[in-house]
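Two complexes are shown next, each including chain A; its partner changes from chain B in the first to chain C in the second.
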Partner chain A sequence: MTSQAFEEISPADFFYRNRDIAGFTNPSRAIFASIRELVENSLDAAEIAMVPPDIYVRVTYSDGDPDSNVYKLRVEDNGSGITSRHIPSAFGQALFGSKYKLKQSRGTFGLGGTMAVLYGQITTHKPAYIVSSTGSTKVYKYRIMIDIQRNKPIILERKVLINKEQWHGTIVEFSLEGDYFRAMPKILEYLKQTAVVNPYANVAFIDPKGRFYKFTRVTTMMPSPPKETLPHPYGVDVETVKRLIQMTSHRNMLDFMRTHFHRISEKIAHSFLEFTGIAQTKNPKKLGPQEIVKLVQMMKRYEEFRPPSATCLSPLGEELLKAGILKELKPEFTAVCQRRPATYAGHPFIVETAIAYGGDIPRKGDFILYRFANRIPLLYDEASDVTFRVVKTMNWRRYKVSQDMPIAVLVHICSTKIPYKTVGKEFIADRPEVKREILNGIREVARKLQRFLSKREHVEREKRRLSVFSKYLPKIARFSTKLAGKETEPNIERLLESVNTVGGKEKNI
Partner chain B sequence: MEEKKRTSSESALHKKMKAVTDLKTLGEALYHQIEQGEFPWIKMPTRSIDNIYYSPELRQYILGERRVKRSARNIRHIRPFTQLVWTAFFAHQLSTQRKTSTLRDVYYSAQAYEMSFKDQSESDNVITDLETVIGLAREDFNVFPEERSAVFGDLTIEYTVPGYEGRRMNMTSHPDGLMIGPALTYSELVKTSADKVIAIEKGGLFTRFIEENVHKKFNALLVLTAGQAPRATRHFIRRLNKELELPVYILTDGDPWGMHIAMVIISGSANAAHLRGLATPDAKWSGVWATDIVDYKLPTDPLTEIDVKRLHELQRDPRYKAKLWQREIKTFMKIRKKAEQEAFSRYGLTYIVDEYLPAKLEETK
Partner chain C sequence: MTSQAFEEISPADFFYRNRDIAGFTNPSRAIFASIRELVENSLDAAEIAMVPPDIYVRVTYSDGDPDSNVYKLRVEDNGSGITSRHIPSAFGQALFGSKYKLKQSRGTFGLGGTMAVLYGQITTHKPAYIVSSTGSTKVYKYRIMIDIQRNKPIILERKVLINKEQWHGTIVEFSLEGDYFRAMPKILEYLKQTAVVNPYANVAFIDPKGRFYKFTRVTTMMPSPPKETLPHPYGVDVETVKRLIQMTSHRNMLDFMRTHFHRISEKIAHSFLEFTGIAQTKNPKKLGPQEIVKLVQMMKRYEEFRPPSATCLSPLGEELLKAGILKELKPEFTAVCQRRPATYAGHPFIVETAIAYGGDIPRKGDFILYRFANRIPLLYDEASDVTFRVVKTMNWRRYKVSQDMPIAVLVHICSTKIPYKTVGKEFIADRPEVKREILNGIREVARKLQRFLSKREHVEREKRRLSVFSKYLPKIARFSTKLAGKETEPNIERLLESVNTVGGKEKNI
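Here is the complex of A and B:
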C-alpha cells in the first residue's frame, strides 16, 4: 500500500492552476483578458450607478522599459464604486462578487478582477493598487496582494482620503506579464465592438506607445437595468431547491412554491402540487431527499408553468443598437430587430439582430460577423458559434444578397444564462430555441436590407435612365436638324421633363 | 458590240440621288416629331431571322412583313437610335459632298462627334439599319467596304466621280486588273466585246487566267471575288449581267464554302435580305463540283467536321433546293473530300484552261 497525500486547495489556488478556464492561456490572451474583465466590471458598475460610463484604460511599459514584457494596466471608471470593506475581497479573493444573482450581467464567474490581479501577481510579484469610492465623503486607497493558498487578500497599505468632489468609481492598477503587440488587434477590436453595444459609453484607451484611441458616446440614454428574478421551475436543479428549502421561512408547500419561484401564482402552485401528489400543507423542511428529487423531476414534466418573463433581461433595444452600429461601423444602411423574449430550459432570453451594409463596411468576400452575449463582444471561435452556422446555412440569394457584398451581420443574445458551449465563454451552443430566434431575427433584418437594396437599385436605375436620355436626345435633335437642313434645333426640354417625372418620382434631382 | 450608254433605274447615279433625298426626308420626319413634343421614332422591317424569307420569284432572300418601331422613348433603343441618326447625317454629308468612306472610316468618324461605337461591328450594324430604313445599299450613300476584288477584260466604262467625269477606261489597261471600288461602281458601262463573265474565287487563278489569255480565248470578262464577294462586286456582276446581258459563270474551290460563294452571287445573302439589286439569279456555278473531284480524280483533303456541319446547313437552305445543288451536297457527303481550284495543277499548269474550263462552260451553259 502506498500512502497518498491529500490536500485541499482554495478557489484562488484552483484558478491559479487552471487559468486557461478564465482565458489566461498565454501572455497575449492574458493581457486581452485582463483588459476585458476590468472594462466589463467598469461597465457594469456604471450601469448600477445609472450613469453613462466613462472608462479610461491605459497600458504602459512597467518601469518605462519598452523591451520588457511587463506592462502596467490601469482602468478607471465612474461606476458605483465598492464599499470600503469589500474592496480587498473584490480584487483579492476568487469567487467573491456581486453577480451571483439571477439577473443578466456581463460576467458570472465573479472572477474578472481577481483573476486579472492574480495573474499579475504570479507573473510579476507586484501588488495591485485600488482606489474606490461610492460617492460618500471618503475615498479609499488600497495596496493588496493575494494569499493564493488561503484565497485571502493581504492588505499592504490602506489610506482614507476626503472625497470633496463626491467622486464615485473605481481605479485599478497593477502590473502583469503580457504580449501587448500580439494582443493589440483583438484589444482594439474588443473596444470597438464594446462601443457598438454600449453607444452611451465613453471609452478612452492609451496603448504603450502612447497612441490614443477614443470611443465617444452618441447618447446618454441607457437600457433599463435588469431586475433580479426568482428561479423558474424549469431551470432549477436539486441543489437549488435544497438551498431554497434551507432559507425559506414558509411552513407549507403552497406558500413555498408561490414565494420562491418565478411566475407561480396561487392557482398554478395549487394545480402543480396536485400534479405532484405532495400535500399543499406539507412543511418543505420536512421533504426527504427522494421527495426533493421527485419534486424537481415533476417541475420539468409539468406543462402549465407560465414562461419566464423577460424583466430580468436588459436588451439593448433597437434604437441604441442602431446608434452603436452607425457610430462605430459607419455603414450606408443598417436594419435592427429585437425579437420577443423566448426561453430555453427555463431561462429567458432575447435575441437582437442587425445587418449593416456599405459605407465603411469592407468587402471581405464573406459577411463580417459580430457576436455579442449580454453586451460582451465574443471574439474567438467564431466558426463554432451557432450564429456562424445560421448565417452559413441561410439562403441569402432570396434576399438578393451575395457573399461578396460589404455586409456585416450582428447578433446579440441576452439571457440570465447564456448557453455557452465551453467554460471559455467564447461561443454559443446550438440550442434549437436560440437558433430559431437568431434565424428569424437575421431573416427579418435581411428582408429590410433587401428592400433597401431594391429601392436604391430603382433610384439608381432612374438616375441612369435620365442621364442616358439627356446624353442622347440633344444629339438626335442636332443631327436631325442638320439632316433636315433646318436652322434651329427643336426644343427637347419637354421630352426630358417627361422622362424625369415619369421615371424619377423617387428622387428630386 | 455597239456602244450603249444607259442610265437604267438601277444605275448608280440614279440611286445616289434617291439616297440624298431619302436621307433628308428622314431628317425632316424626325425633326417634325421632336417639334411636336413626340419622342422621335422610326419604323423599319425587322431583320431578325424569323422575318427573313426566301422568295422564289425574286430568287433571293427578302424581309417579311414584320416591322419594328424604334423609338427614342425606349431606353434600350435610344443609343442605337442616336447612332442611326448620326449615320444618316454623316451619309448625307458624304453624298452631297460626293465623297466616299469605308466602313472603318465611319467607325472612326463617329468619334469626332462623340458618338463612339463600341467596335466596328456595332457601326456596321447601324449602317445596315440605315440601309433597311431607306431601302438602299450603303454604296448608294457612299459607304464602301475595304476593297479587294478586281475586274479584267475588254470592257470600257465612263467615270462619273468628281474630277473624272466623262473619262473612259478599258478594263484591260492594267495587267493586274482594276479594283472594283467606288469609282467603278458609280461608272457607266459603255461597251464590251466580251460575251460572258467568269467570276473567280482566288487571286492565284485570276492571275493565271490573265496570263493564259482566258479573256481572249473565251471572249470573257474576268472578275476576282477574292473569297466571299463584297456587295459592290456582287452589284457590279449583276450590272454586267443585266445591263450588258452577259451570262455569268462562277469558279470556286470544291468545298461547301466555295459553293456558298457562288450561291451568294446568285441568290444573295440573308444579311442583305433588306436590299435588292445585289443578286444575279441567272449566274451559274461552273465548278469545282464534288462530281468534278470524282470525274477528274483531283488531289483532295478530307472534309473537316465544320465542313460537314456546313453541308448539313446548306442542305436545308431553300436557296439550295435545285437538283444540281442537292446532288453536289450529297456527293460531298458521300466522298467526304474537298479540292481547291489549284488541284488541277497536278495535270500541268495549263490543264485547267485547256481542258477543264471549256468543258465546264459548255456543261453549265
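Here is the complex of A and C:
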C-alpha cells in the first residue's frame, strides 16, 4: 500500500513556492510589488519617526544593459530605521516583522520586504544591501541572502560606520528580474495615488531610462500617528484570551478585564462579570478550558461594551480627500463624506468616500474607481473588491446617474486590521459591516451629486428657455410694432433681463 | 526617536491572524472550508491508495443543542492513511504536509487539515480526534491540540488498537463554531459538483437535522493516478537549481541535466550544454553563483526542450465530462472539448471545456459557470477567476449566442500546480498561457453550439413552413376543386409529406 510522504517546509519556502498569493505572479507584477512593498515600509517607518517622509526610489538596469530584464531597485527613506540586530531578519526572514500589532499600518503581513528580497534572489542569485540607522551614532550596512529552506538570513558582510549627521532611515538595494516597461503604468499610477493620499510625503522616482518623477509634499503637517490598541471584547477568540491569561500579572478577573481589553471601565467589567456568572475575584489563570470558551461567548452576547474607539485610527479627513481629488481630477463637482467609526470582528474602522463628476474624468462606460486602504492605493483585482461590488449593485438610477457619465468614486478604508483576501494586498473581503459602511458612504455622496445634477439640469432648462426668448422676442417685438403700425419697437431688454435673472440665480446656488 | 519593535511569529500564528486569506472569513465560510479541505484530503488519500473513495461526512450539533452555533464535524475515508508518527503534525502543524510535490493533487498548500483543526480550536477550545491506519496491523488514535504560537501539535492522548480487518483510512473529528444553515446551499452544491467530477467516489453526508445525502459512484474505474514529475527547465529558478545541485550525486553536468529535469534526453542535454557554453564534464557542485544564474537564463532561451509531458496529469476526459453534464443539467445540447497539454512556467496543464444549452439550465440573464481545478469545484469569488473574465470578454454574438439564453459553461483545469490566488483555493490567477487555453477551449465548444443553434433555427423555419403548408394546402385543394367544378379533392398527403421530409431530415442531423 502506497502511503503519503510528509515533509515540513519553512515559511520562506512556502511563500517561495506560492508567490502568486503574495502578488509576485510574473515579472511585471513582481517589480510592481517590490517597489510597492518597500515604499509602504518607508512610509510606515517615517510615520513612526514622526517626520514627513522623504522617499527616493530608483530602478536601473542591473548591468547597465538596456536589453536585459534584470533591474537594480533602490529605495531610500528617512524613517525610524531598524536596530542593527534586526536588520538581517527584517529582510531575510519570512514572518518576522514589526507589523503584528493592533495598529493601523500600511504593512499587515510583515512579509513585503522579505518577499521582495527573496524574489530578487531567486531570479538573480545576488545578495541584497541594507543600510540603516535609528539616528544613533552608528550606521549599519549589511549584505545578506536568504536561506529559503531554513527561513534564515545569511549575513555575507556587516559594516559599522560612524553616523556623523545623526541620519536615520533605511536604504534597500537589490537586483531582480522584472518587466519594468509593462509594469510602468501601474507603478506611476501607484506613486501618483500614493502622493494624493500622503500629501505630506516627498516621493522621487528615477526609472531605468533616467526619467525623473517627483511628487512634492504640499504640507508638512503629519496626521497624528496611529496608536496601538487593546483587543476589543467583540473581536477576540479563545486563542487571544488564552494568550492574555498567560501573560497577565493580574490575579483577579476584574483587573484582568479592565487592563487587557479595549474600553472596559471598572463599571463595565463589573457588570459584564455579573452577566457571565464568573466571580470578580477569580484568578484568570485558574479558568478552565470551557470557562474560557464561555467567557468568549459571553463577550459576544453582552451588549453594553462601548464600541471601539477610533482614536487609534488615522483617516484622511474630508478636506484632504477633497484636495487630492481636485488636484488630480479637476472635476466640475465633488462631494466627500467621512463615515463615523464602525467595527467588524472587534476591529475599528472608518470609511471615507468621495464622488467626482466631469472635468478631467473621462467617460468610459464605467465609473472610475479609486480604492485606498490605510493610505495605500489598491490597483489590481478591482472586480474582486468589496467596493466594486457595492458600486456595481447600487441602484444608480435613483440618483439620476448613468454608467456613461464621467464619474469617479473614491473609497478609503482605514482600520487596525484591513480584511485583505490576499497577502498581496490587492483587494478587500466582503465583510458585511464594511460593506454596509461603504454603501452608506457612497449613497451619501451620490445624493449630493444628484442634487448638483438636478440643479444643473434646471439651469440648462433655464438657459434654453432664455435662448428661445432672446431669439424670438425681438422678432415678436418687430412684428407687433409693424402690426400696430408704430415706428419704434418697445424696449425688450428689461423683459429679457427678468428671464435671465431666473437662470442666473440658479447658477449661483 | 521611536523605533520599530520586531517579533517573529510562527506559520500557525500567521494563518491564525490572517484567516481571511485561507478562506476562514466568517462562521459560514469556516464550516464550508473545513468540510471542503477534509473531503479533498480524503479524495487525494483514496487515489494514493488506488481504491475508489468512500467518504462519509457528518455535521452534528456539538452538544445536541440545535440553538447552538457549535457543530461537531466528522469526516471518514478509506484512503491510504497516515503513518502514526506523522498524524499529529499532519493536523497540528502548519506547513507540514504531503502536498509539496510536483504532482496533480487537490491539496496544494498542505494547510487545509491544520487550518480546519485550528479554527475549531480557537472557537471551541476543544481537542481534535484523529484515527488512522495505513492498513498495517495497527490503528492509531490521537487526541491533539495545536500550540499556535510554537506551531507544534500537543498530543493529549495516543492509543494503539489492533487492526483486525486491515482497515486503512483516516477519521477526523472536531468541534467548531459555524453557521451551518447559511453555508448549507454551498456545501450541498460543493458535494454535488464533487460527485460529478469524481464519479468513482461514494460521498455520504449527514447534516445536523439528520438529513442524509448520498452521492453514489457510477463506476469503480479509477483514472490512472497522477505521477510526480521532475521540474521542467522552462519553469525553474535559481533556487530550484541550487537545491538540485545540493542533492545531486552526479559529478558532471550532462548527467545532472538528464537526471533532474523533465524530459531531457542525452541528446538534448548535450546540445543544451553546448548552447550555454558550460562544459559537459563540469561538476555541478562547482558552478559559481553567476554560472547558475546563466544556466537558468539559458534554460529559458533554449528552444529545443520538449514540452512538459502530460502523462503526470489526470484530466477528466470528454466522455466523463459529458456524462456529468448530462446527469446534472439534462441539456438539450452539449459539446465538450479537451485541449492538448500546454505549459505555464514549466508546469504542464490541460484545459477541458464544455458548453450546455437548454434542458434544466435556467435563463438567468447570465451564463451559469462551473469551474473545476484538479477535480475540485470552485464555488466562491467567481468574478475574480480567469474563466469568468474569459467568458465575459468573449464576443458571443459571433456564435449567435446571447446572455439571456439558458447556457452553462464548464471549465476544468488540471495541473501539477494550479495558480491559485488565495490559500483558500477560490479562484485562479490570470496566467496568460492558461487564459489562452481556456479561451480556445470555450471557442471550440461555442462553435459547436453555434452549429446546433443555426441548424435548430433552420428546423424551426422548416417546421413553420410545414405548418403553413398543412394549414393552407387543404383549403387551397378544396377551393381548387370547387373552382374546377369537381367533386373529389386531390390527394395532398404526398405533397405535404415531401415538405415534411425536408424538415425531418434536418431534425435527424
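Here, the second predicted complex is superposed on the first by the 421 of 509 C-alpha atoms of A that agree within 3 Å, B and C clash if a C-alpha of one lies under 4 Å from a C-alpha of the other, contacts with A are read in each partner's own complex, and residues count from 1 in each chain.
In this text, a residue touches a chain if its C-beta (ideal position, glycine included) is under 8 Å from a C-beta of that chain, and two chains touch if they have at least 3 such contacts.
Since this is a predicted model, take the numbers as computed values, not measurements.
Asks: May I ask you to decide whether A:465 touches chain B, chain C, both, or neither, giving the answer as first, second, both or neither?
Replies: Touch status of A:465: first partner only.
Asks: Tell me which touches more residues of chain A here: chain C or chain B.
Replies: Larger number of chain A residues touched: C.
Asks: So, does A:477 touch the first partner chain B, the second partner chain C, both, or neither?
Replies: The answer is first: A:477 touches chain B but not chain C.
Asks: Counting only touches as set out at the top, which of chain B and chain C does A:219 meet: first, second, both, neither?
Replies: Neither partner.
Asks: Please indicate which partner A:280 is in contact with in the superposed arrangement: first for chain B, second for chain C, both, or neither.
Replies: neither
Asks: Have a look at where A:259 lands relative to chain B and chain C in the superposition and call it first, second, both or neither.
Replies: In the superposition, A:259 contacts neither chain B nor chain C.
Asks: Which partner does A:248 reach: the first (chain B), the second (chain C), both, or neither?
Replies: The answer is neither, since A:248 touches no partner chain.
Asks: Which residues of chain B touch chain A in their complex?
Replies: 23-24, 26-28, 30-31, 34-35, 37, 39-40, 72, 75, 78-79, 81-82, 85-86, 88-89, 92, 113-115
Asks: Sort out for me which residues of chain C touch chain A in the complex.
Replies: 1-11, 13-14, 16-18, 20-21, 25-26, 45, 48-50, 80-83, 86, 89-90, 93, 95-98, 100-101, 108-110, 121-126, 134-135, 148-149, 168, 237-239, 242-243, 289-290, 292-293, 381, 383-384, 419-423, 427, 429-431
Asks: Which residues, counting only chain A, touch chain B once they are in their complex?
Replies: 465, 468-469, 472-473, 475-477, 479-486, 490-492, 494-495
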